[in-house]
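Shared between the two complexes below is chain A, which pairs with chain B and chain C, respectively.
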Partner chain A sequence: MDNIATKDTAAAYGVAPGRLKSGPRGAKPRRRLSRRNIIVYGTLIVVSLYYLLPLYVMIVTSLKGMPEIRVGNIFAPPLEITFEPWVKAWAEACTGLNCDGLSRGFWNSVRITVPSVVISIAVASINGYALANWRFKGADLFFTILIIGAFIPYQVMIYPIVIVLREMGVYGTLTGLVIVHTIFGMPILTLLFRNYFAGLPEELFKAARVDGAGFWTIYFKIMLPMSLPIFVVAMILQVTGIWNDFLFGVVFTRPEYYPMTVQLNNIVNSVQGVKEYNVNMAATILTGLVPLTVYFVSGRLFVRGIAAGAVKG
Partner chain B sequence: MTSVSVKDLSLNFGAVTVLDKLNLDIDHGEFLVLLGSSGCGKSTLLNCIAGLLDVSDGQIFIHDRNVTWEEPKDRGIGMVFQSYALYPQMTVEKNLSFGLQVARVPQAEIDKRVKRAAEILQIQPLLRRKPSELSGGQRQRVAIGRALVRDVDVFLFDEPLSNLDAKLRSELRVEIKRLHQSLKNTMIYVTHDQIEALTLADRIAVMKSGVIQQLADPMTIYNAPENLFVAGFIGSPSMNFFRGEVDARDGRSFVRADGVAFDVSAYPARTKLQPGRKVVLGVRPEHVKVDEAREGETVHQAVVDIEEPMGADNLLWLKLAGQSMSVRIAGQRRYPPGSTVRLSFDTAVASIFDAASENRL
Partner chain C sequence: MTAQTRGSARPNQWLRNLNAKIASIPMILTAVVIFVGGTAWTVLYSFTNSKLLPRLSFVGFDQYERLWEAPRWIVSIQNLAVFGFFSLIFSLVIGFVLAALMDQKIRFENTFRTIMLYPFALSFIVTGLVWQWLLNPQYGIQSIMRSLGWEGFSFDPLYNSDIVIYGILIAALWQGTGLVMCLMLAGLRGIDEDIWKAARVDGISMWKTYVLIIIPMMRGVFITTLVIIASGIVKVYDLVVAQTSGGPGIASEVPAKYVYDYMFLAQNLGQGFAASTMMLVTVAIIIVPWAYLEFGGGRKRG
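The block that comes next holds the complex of A and B.
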């Protein structure tokens, strides 16, 4: 009875029968093709195909000429690789009267994103630090108001903000848009930083106070050097969020300051002439390139920071 | 001369009162231990003295200067934390000098003080390392060094040894005691570990729910606890308690508890033992003799329940007339479970508490 069982198990695991003769010993043998593995890897493969297929179509289409596209085999790799559509998308595509492609929008987006990211992160990190460590009077109320701000739909606030910006004299300018992005980034970023700083050992803060360090010294000398992961998270959130923004870009700026997303929309949706699918695809990939790069470069730090900042509340 | 003086200190968090009109005077050069279980307010009191918590009422004096409203750095204190609280991104040297740099002490003076602290604590080889490259004991040494370089008269320790393993803890305990003997400054030390308290302290303040239960030197705390809480809290294993009633016969006094009559004629405050009074008799495990009764002593029979040999001594858990009690005897004397022993109690060093007020008689 025992013998048969041993033989069967040995066969099932694909191990030489001799090894199991004297009963199980050492590391448990594992089957490569277990049902569990098939399900896990199968699901993963299907899901990644689902997400990667559109990207594949975009890339191959952008590398084809228009005649090849008209043939209609969207999954077929390009017979003749051409970078013409990419050049056109970047430098020649027309929106309205301008025919200098996406490049104008790209530089606008850079000029919007960089100051917005820097200012919003600087202000939010100080907010979070003050809320987590200094517990001033009314801190909880202030924090609650800020969090409620995160739940109000943007659309509700657009018209009032237009008026406020107009009164300030910055409506339609890059400055105005930077201010808007900074304000709207505040609730979630403050929450992020507050939770991260609250998760740092409180005794560290106390030790620094006994050492005589004040508000700013503790912030710059103690807290900042320990907070790289959360700054990376905040940076990724803001860069991708602001870069991908469409609504604020179209509402709060004039055409010459349109960010890349708005310009992409205008190129893709232009009604005159033929639909140049290859140019559209190239333009879309170009626009998405910045957030993609950010993810690829800092992905690991991102995960670490999210884990560190999100758990404690 | 008092070094630290706490007057009528109260602290409330909203409706919760953590400390209520607490008074404490600490002499210059004294080693005072605040002892209590978690949540008794001992760390809170220390944080108030350090200035890390704002008090609700009362005053704090350090060196006869009212520092109630002063910032921590201006109080002339150094503090050592349980989690070491070393700045992780700085080297040991930077950790030690950070406070001095913030205070804009001249570099030559900083170097001198860091060198001296490193010498005292024997951490010179570690100065260039980061805290993450140090062991727990080394980290705590650096943390003590950070208080040392501040050149202050009052050291505050907030459970400094609780994160260390047992062996390191006893080593550093000795080092802290040595440090105190050579520096001779005032130290206030918070702990929940009674061994630390008994070994280090000049005086121990046993705290419970924000109130100091007894403030005395370690031997008094151990031998003459002021109330039932202190008696039960100090000593491991805990003191044996017998609830009963005072009885007098033939010119002798007894405590009758569950059919056992303990002869307490030798108790120092015998006059307070009026017959009929409800009391609690407390006897430490080492104040019970096993099979060593002298002529004329009252002897009680008990059965061994569990034996815990600890090497140097042997701990017996006994059943005495249905009550469980522990006795400490020499390590080489062994009693297997189930054996019967003859106990005699040394009631001259026992403690007797009033059953109602729980205070010592």
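The block that comes next holds the complex of A and C.
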């Protein structure tokens, strides 16, 4: 950090490095427009344009009317801005015989995501806590199986889960899907919480034990309040992951409970009718809006959340 | 490492630490019933001729023979191999180069990272549909290039069976390289500044320092990233469904889609189980050596 600061100051005062009182520290001050900077920033800007292009095209397309799309090019900004495609995507777009738009999928996704996030995090955090602070014989074995299981392709396990859910009488319902999300969220979340709890000072736990606090008291009174950041990271991870899920939604629910991603795919890839690209793009943005909002609001925490996937146990 | 409760004076072995055991029931059930039990169940039933419902009438390796004779499965495997090979190479190379650029103490680092990583927050369905639109031959990139005067320009991967998998590759790279960049950047930041100073003192060029010193030092990061990408590749499903639905014809089919279609649409469970077992084997080939290197080799557990 120190080094960077010095460098920045040196660059800012490029003409008069002698003003730095701290002596010759860090690298030699560079001119702003050096060849190296042009290459570095030039590449990064070109790359950024490539990443931004699809988002731009999505937005622009969704604001045009169909006649304009047919004659114009996809990169041109709209001549006449219309919000009709958005309204249509939300309230009128058809999947099969249903023509009530993406709103149904949106609310289904909300009803799937909220309980799935809460339950999966509750279960995994308690698991992680037990693994970090209350290890019992065999706990590590189950944990190892859990982590290895995270690499097994879902396709291998979906049919047995269908059978289990059918036996429980919840196959095709929201409850069933919540259970599935809890199961498949468990490896990474448990790992995340276990590592976090294990990193907390052990003295705290011991002091609480001496004072007579038990398993649940310590969890609710000490661990939970101390670990809010990791809960936020877990929430970000789960909200985006569950909202974006497609496979489980399609396998474990009935059409009336289809999440937004499944409905979006059905709307856009339906073979009937005239293709309305503007409505399709509006629907696509609407589906991406929730995870994008989470992403832009959470910033650095999102990076921590996804990097958690790379943390080793 | 962590607190032990061995010292507590409870008499009964099983009742000791009871709350922790109760709290771990979901984990134990998931690990034993779903992960171990479910996998074993699928492998077992892949040797049966189950059609609409799972039945225990064994037929040996019949399903596997049929699987490897099915043109659609062969296409799926070829696609997975091409897609896997190129996405590994490209995402590692692009991810590392971007991370190296980001590590040059640049300004606006946060802005650049935000831009490169946002596709990763999106669903594969969203990514697939956007790129389906961008690669639309009538309105998309191809038509733009032609209208700019390059009449002979032809790039319609989604309608050309020979190159359709590259169309999917472009979309997958758009979504995934940001993550690889972030992992690599974290790796680069973990390298001691002194290494750079030492290299500079010795007069080693930046280029050479990266190739000869930094990359070998980042071996662990590379391997972890490789495993993450590889296990993602095997699972690729949503993207193909959204972008091409496996078409044109069967040109962009992938194993995960084969499994789903046979299990839930074609009602040929045995085939689906055999195909999913093959996916499991593929993943095992990737994971087992890595797990051995990482966790085996004489290091004690716990």
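To be clear about the criterion, the second predicted complex is superposed on the first by the 267 of 313 C-alpha atoms of A that agree within 3 Å, B and C clash if a C-alpha of one lies under 4 Å from a C-alpha of the other, contacts with A are read in each partner's own complex, and residues count from 1 in each chain.
In this text, a contact is a pair of C-beta atoms (placed from the backbone, for glycine too) under 8 Å apart; a residue touches a chain by one contact, two chains touch by 3 or more.
Computed from a predicted structure; not experimentally measured.
Taking chain A as the reference chain, the count of touched residues is higher for C when chain B and chain C are set side by side. Applying the stated contact rule after C-alpha superposition, one finds that A:226 touches chain B and leaves chain C untouched.
Of the two partner chains placed around the shared chain by superposition, chain B is the only one that A:217 touches, whereas chain C remains out of contact. Legend: residue contacts after superposition of the two complexes on their common chain; A:206 is shown touching both chain B and chain C. By the document's definition of touching, neither partner reaches A:112: not chain B, not chain C.
Judged by the touch definition given at the top, the superposed model places A:182 against chain C, while chain B stays out of reach. By the touch criterion defined above, A:51 lies against chain C but remains apart from chain B after alignment on the C-alpha atoms of chain A.
In the superposition on chain A, contact is made by A:251 with chain C only, not with chain B.
Across the superposed pair, chain B and chain C both touch chain A at residues 206, 209. Remark: chain B residues 47, 50-52, 71-73, 77-79, 81-89, 98-99, 102-103, 146, 150, 158 touch chain A in the complex.
Here chain C touches chain A in the complex through residues 1-5, 16-17, 19-21, 23-24, 26-28, 30-39, 41-42, 54, 98, 101-102, 104-106, 110, 112-127, 129-134, 136, 139-140, 143-144, 147, 174, 178-179, 182-183, 186, 193, 224-225, 228, 231, 234-235, 237-238, 241-242, 245, 255-256, 259-260, 263-264, 269, 272-273, 275-277, 279-280, 283, 287, 291, 294, 301-302, going by the rule given at the top.
Here chain A touches chain B in the complex through residues 201, 203-204, 206-213, 217, 221-222, 225-226, going by the rule given at the top.
Only residues 3-4, 7, 36, 40-41, 43-44, 47-48, 50-55, 57-58, 61, 69-70, 73-75, 123, 126-127, 129-136, 139-140, 142-146, 148-149, 151-161, 163-164, 182-183, 186, 190, 198, 202, 205-206, 209, 214-216, 240, 243-247, 251, 261, 264-265, 268-269, 277, 280-281, 284, 287-288, 291-292, 294-296, 299, 302-303, 306-307, 309-310, 312 of chain A touch chain C when the two sit together in their complex.
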